[in-house]
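Lettered A, B, C and D in written order, each chain numbered from 1.
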Amino acid sequence: MTDNQYDLVVRSTEIYTPAGRVNGQIAVRGEKIVGILGPEEPAAARKTIDAGTNPVIPGLIDTHCHFRDPGYTHKEDYYNGTIAAAAGGVTTVFDMPNVDPPTTTVDRLKAHLENAQSKAVVDFGHNASGVVPENIKGLAEAGATAFKVWMMQDIGRDYPHPPGTSLTNHAILYRVFEEVAETGLPLYIHPHDHNLYELFVERAQKQWGMDFRSYARALRGGDGVVLNTAISTILEFQRSVGTKLHVLHLSTREGVRMVREAKAQGRPITAEANPFAMFVTNDWANIEKKGPYALGFWVPEEDNPAMWGAVVDGTIDVIGSDHGPHTKEEKEVGWTDMYTAPGGSPMIEQYLRLMLTEVNKGRLTMERIVEMTSSNPAKLTGFYGKKGAIQVGADADLVVLDMDHEETLRAEHSHYRCGWMPSEDFETKGRPVKTILRGRVIMEDGNVTAEKGSGQLLRPQR
Amino acid sequence: MTDNQYDLVVRSTEIYTPAGRVNGQIAVRGEKIVGILGPEEPAAARKTIDAGTNPVIPGLIDTHCHFRDPGYTHKEDYYNGTIAAAAGGVTTVFDMPNVDPPTTTVDRLKAHLENAQSKAVVDFGHNASGVVPENIKGLAEAGATAFKVWMMQDIGRDYPHPPGTSLTNHAILYRVFEEVAETGLPLYIHPHDHNLYELFVERAQKQWGMDFRSYARALRGGDGVVLNTAISTILEFQRSVGTKLHVLHLSTREGVRMVREAKAQGRPITAEANPFAMFVTNDWANIEKKGPYALGFWVPEEDNPAMWGAVVDGTIDVIGSDHGPHTKEEKEVGWTDMYTAPGGSPMIEQYLRLMLTEVNKGRLTMERIVEMTSSNPAKLTGFYGKKGAIQVGADADLVVLDMDHEETLRAEHSHYRCGWMPSEDFETKGRPVKTILRGRVIMEDGNVTAEKGSGQLLRPQR
Amino acid sequence: MTDNQYDLVVRSTEIYTPAGRVNGQIAVRGEKIVGILGPEEPAAARKTIDAGTNPVIPGLIDTHCHFRDPGYTHKEDYYNGTIAAAAGGVTTVFDMPNVDPPTTTVDRLKAHLENAQSKAVVDFGHNASGVVPENIKGLAEAGATAFKVWMMQDIGRDYPHPPGTSLTNHAILYRVFEEVAETGLPLYIHPHDHNLYELFVERAQKQWGMDFRSYARALRGGDGVVLNTAISTILEFQRSVGTKLHVLHLSTREGVRMVREAKAQGRPITAEANPFAMFVTNDWANIEKKGPYALGFWVPEEDNPAMWGAVVDGTIDVIGSDHGPHTKEEKEVGWTDMYTAPGGSPMIEQYLRLMLTEVNKGRLTMERIVEMTSSNPAKLTGFYGKKGAIQVGADADLVVLDMDHEETLRAEHSHYRCGWMPSEDFETKGRPVKTILRGRVIMEDGNVTAEKGSGQLLRPQR
Amino acid sequence: MTDNQYDLVVRSTEIYTPAGRVNGQIAVRGEKIVGILGPEEPAAARKTIDAGTNPVIPGLIDTHCHFRDPGYTHKEDYYNGTIAAAAGGVTTVFDMPNVDPPTTTVDRLKAHLENAQSKAVVDFGHNASGVVPENIKGLAEAGATAFKVWMMQDIGRDYPHPPGTSLTNHAILYRVFEEVAETGLPLYIHPHDHNLYELFVERAQKQWGMDFRSYARALRGGDGVVLNTAISTILEFQRSVGTKLHVLHLSTREGVRMVREAKAQGRPITAEANPFAMFVTNDWANIEKKGPYALGFWVPEEDNPAMWGAVVDGTIDVIGSDHGPHTKEEKEVGWTDMYTAPGGSPMIEQYLRLMLTEVNKGRLTMERIVEMTSSNPAKLTGFYGKKGAIQVGADADLVVLDMDHEETLRAEHSHYRCGWMPSEDFETKGRPVKTILRGRVIMEDGNVTAEKGSGQLLRPQR
């Protein structure tokens, strides 16, 4: 039995629980929510945060981020990355395996998790590389929370698709589906038809040269066939094997149609959309203006309504930030040669702001944001109950929002080491003002106060 | 501010909240849940109920019951009816307007609510008769929670479809759709093609005589065309007007297909299934054995999988008990002449037991039961937040279950005045052991202790 | 055995046979095609028509015309009507039963056919009134080729829906479906929800007065709900009974969707579009300009693409002219009171011209025209083989076209007694220059030379 | 102008024309049908065949046969193969390019056509190998009638997939789609996921050894995923490029679903079913009994209804015989090692008999057979008008059938050099009794009388 004082109480007239908005108090003891209380209840606490009418939502869970650590820590490391996460309202991250070395083996995974543990300021798990079927069971036992595969080959750049993250061989991919199915974990796939892509790259280079415009068009050659062919393939693999499949980067109308149809059959399929595609690269003007700093993948006008439609209607289950910074030097070459410049851009600190702005515009509801950024990611990764909802027994991961705050986004105000971001100069309304991780305030008004290494490893229960 | 003792605390390792099962305590002050607390939290209370490992679910909300009061109180009155409800785990009822006089006018509605208030032992609202378009706005203002229309004519019996509850004229029905749309309330329709039905009745009587078998077959003549034609009509009216439409009694495969397709277009349509159809009349053997005491409407073998499929996959949103007793004398005639005997049968006390039995068999999940019997009914009627979920701020309407209790159902153990029921002799496993309404235990081990008139009127916020 | 000379040979480089265009000769003996010959074959004949490069198509079959005889012969009689048909390339007509008396009984049908026989200059059959189920079998035996039902009541005008053509009672309609199913004949239904229509009429009159604009809008009130509700009903009846159903006047996008879906299930359903709707009333400017002389039913902009899409893609099986003249005096009142003025307009002489114009524009193919105006109508009525195709054994019903002829349509150049037409002043390119019925040229350059009564009754083989 | 006697007249009461069955006479002058005449017409002819009540259908067109010439003429050569074709009622063949050398270049194609010309006894064209995109335009100009690609790699046997017929690289395949699209010719694809297949082979060998049973199961591992993944890929390529796509070997329920859906969008897609799959390998008992002599690919029980459903409902457009003999010696090894034994089996002489037997059983209509074996193949290859229909102007390619002939099939009665066939001992009813090619009888009662080299090359009009 415990004493009479809570460690923390958070009050708000707009607490977003799974049962809708509640006017009340979230009572925390240690790291856990131990009570949800009405507004009038006595709730003595060592610390009380009164959010007033500011909404409180569960901490964001980002199932898709690239922290560049180990191997590319000049771009970002796990410490920087999770500081930006905390600043953005993200309390849990699952980072991707395209680091050096990629997490293809148990030893690498253990080392990766140890390194992460030494630096993370938010809770974390790791999406291990699923390219070696024989290693999947071991990786699952060693704590992988999901498996990630790029349907790619090493494409001549050490980043982002180094050996150990990608595969194109369907036999191996099918075995990956089988092995992952046995672990019960989800399989995240970046759909891509590598041979086809090379064809469109060659053509784009011939027609438009090497710059960012050429690069943007290459991937969407043939009206999305590079993506759609891969999506239809993995959906059929899923039908054959039964694996929990998470389709990354959904952005073509055919892809949306196929995924929607497959989900309607009751199969365990989820889909992701990315902030860069929803807010930046779906407007060619941004690409023209920001060039390599916008890219990412272009979403042409004819596919944009389908992608946003899927976000609004629930075909999209999860928003993954796809946060992935590079240095300005690395990006700068993209103005003239985007094919050697790396794709990827930092996003983890801003994507909640961008979505809150849409709430203020009436395009998204707060409930839908909570679903896509917190409850669904928690369900996908198997941590719902502990994460992803403001409920008793869950970790006290909370974000206090200020929906009236207007701000022009500037990289200089961000926590990114790289010094730039694709959402530069975007007008926003709404931001996280406090991030609370397991009962501790780790961000307040932009200041991240969490200690290095204070994040906790999330290990699936097996 | 309040004092340190809760009025009631309910402990269980399996509290079904909207965020899943929680091990914890529900803290109640007055009528409201003011806290959900972890199992270790100190929770001093005037009264503590420790359910141990028994599940606790939100009180059932029955959007479809017929209490026969006023006008037919020899069958049942609002007091008897709500006692049976309380015994069955139902804490909120919305009764139907086919009483005498039917609730077609503001004055009648007011009188009806007053009468209900004087007798109800659970909370209640009323589905007013929607047959007079001019009166709909007034009825909504006077507190109707929904509107109900039978697509029928007075069929020569004073019960169950007296003047004032039914209409067949499409122009009037269309105006009903329009008027109800403006109130924002849902429109409940019993789909039926009256002309067609008369045709099949005539034929059935010619072919099979007047008994219960003949009657059972009449409604399903032409492979469900009596129902399907009506369903397609109201779905098209809904498309045209935009009204919140609640389709009652879904039980044909074509009906399921049409409703599923219409819902997939994002239209505000919900559908109901009934316990008598799910458990009794979908097996001809029951009809043979129980005759008029089984009927209700027959669900033929070829339609049963579609109906149950819709229950399992979410096409069905709501289970409405369609509780509607008659006396044995009234029923008895149905052995030889079911066309003058009334349909309808008592169910409100047993339907939770029947569904819990399916949970024990693995056919339904507890989550799905909570959805169909509590959260979805609350959302449909607009009371979600106050009712339909175990959450802070909500009414403390709770049911404690004993999932291991095995029982052969007997009318003599029920609270029905009529002395019989269609679920007689069914083997069940699982029952409600305590019903709590707004913080007060109103049923314990089958004994209903609530005072007459202690139920509360639910009035939509406008 | 026969002699060496054919009675007639028609030569063309573009004969439209079921196997595509053939360069050759159609050899006729007596009334029949007895040979299709290559262009080089010797083909001695008493009469040779060399069409050169002018296309030759099978004579049009109009399954939907209103000749007003008997009862309204001041508008048109069977002689006038079939002369206009012959002038328009139509060699077979099936007229509708809304004459006086309507053809509800065997005696009336016999009288109707006798009268028609005494006047017709093209072959003919009759779509009997199907409103009296008991009479259907007899009518089929007496030579009805199909049954027609309006889902209407007498609407206060003696024309066009007098007692004896219409019904709204679903029980009777269902019995009609059953009785017609047993005859094997098709059932043509004018879908309409009468009650609903009256509602929209009342509103339209209140809002827009009594003129043609008001009338046009009334039928399409509620976004086509008057039509769609009826279509969904008859499709469900068809599913239940299995009758061959021919849905008339398809023109709403929901109707197109429902019919397309039902046909895809392999059910014996066909659908009709009408020239007035495809060419006249689908452009509000025509309604504004021609007022009562345009109407017919308005097809709003949002439904036009679906209707034309259905024409192009094959969802529409049959073009029925819906030819139905009235006098100018009768129409003139429609400028101020269209609700007492009759709908209906003359079309049988121009609809081929209007479609040929679309062939010249590239919107329709000649093959599709032949399908919709000849082969499919022949299949629908059961006369394929005898009618509807240029093939050996078939009646020598042929139309020679001049695809280069440009003409501004004028009623004064038509054969209509009524002196006006909705296609007045339309610019066309393409016309029939010769109509051949059973081997005899009955129209040449607009002059119809057939003798009164020379048309032949088509009697279904039973 | 020509003289008064036809060269040939064929009389029958059941001539299957595109407009249905006709009682009449087919008049032939030289190689062409110059007249279709009624039964009473005088038709003097140098030769008259009176088929009486025996049906006459257009000569079969086999778009998919493997004659093994050049390169494997010990199995069969073009002379043997086309003699068997003529015996089976096939008057036109389009052979496949997996010969030695495969027809990847203009020179090879020319040599192939010359060789074929020197031996063929029926008309012929060639489906060139489409694996070298750069050569496609030239091959089209040199007379290819279609392009064929196996989605395979050389699999360690010189037959059937030697270098030069297969490709797995999607970039090259996409370019093939593009190049073939520009020629306007159809692209035939054998859908197969080679990597996946190897996986299932490895597993099958491990689990079941090397015999025919193991081989049969290997291809259908993963519930058809080897085929379905490939089908979804080529359907998406087709959507992207617009090529006329002909999907070979359709036999999985998912494949049928995908193809049906894609066709419903109006895209130029056709699909093939094969006799071996419809009659032999869809029954495991045949595989057990005939082992390597049955295989071909197994069609499991759960896919058989979908495949046959697609045959009946029109989703399947074309029956390709997939005739492909091997010697007994080559096959015999398959009892113990089917992985080195070749697949493929002789069928061209029997498939019409097998289908006629189904007509006698009521499972197929004669009209559907004519569509799938003659008119649709003619439309697919662009020769409709000249081939594929009994009509004036077409080649006089005719088959006279005896629908009452009962026969147990025996390879010894066939014209196959290889001495065996998968339809050995099948009971049939119905056979071709005369085959007429361009006006000459080339088969009568099983005796093929055509001279070597009398077949004619079919060259697409460009």
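As a working rule, a contact is a pair of C-beta atoms (placed from the backbone, for glycine too) under 8 Å apart; a residue touches a chain by one contact, two chains touch by 3 or more.
Everything numeric here is computed off the predicted structure, so don't read it as measured data.
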(Q) Contact counts by the stated rule: is the higher one at C-D or A-D? (A) C-D
Q.
Nearest whole angstrom, what separates the Cα centre of chain B from the Cα centre of chain D?
A. 62
Q. Just curious, how far off is chain D from chain A if you go by their C-alpha centres, in Å?
A. 52
Q: Starting from the mean Cα coordinates of chain C and chain D, work out the distance between those two points in Å.
A: 43
Q. For chain B, what residues touch not just one other chain but two or more?
A. none
Q: Could you classify the connectivity of these chains, where an edge means two chains touch, as line, ring, star, complete or other?
A: ring
**Q.** In the complex with chain D, residue positions of chain A that touch it
**A.** 169-172, 174-175, 193, 195-196, 198-199, 222-225, 228-229, 232-233, 235-237, 239-241, 254
Q | Residues of chain C touching chain D in the complex | A | 1-4, 17-24, 27, 29, 32-38, 40-42, 264, 266, 313, 384-385, 389-394
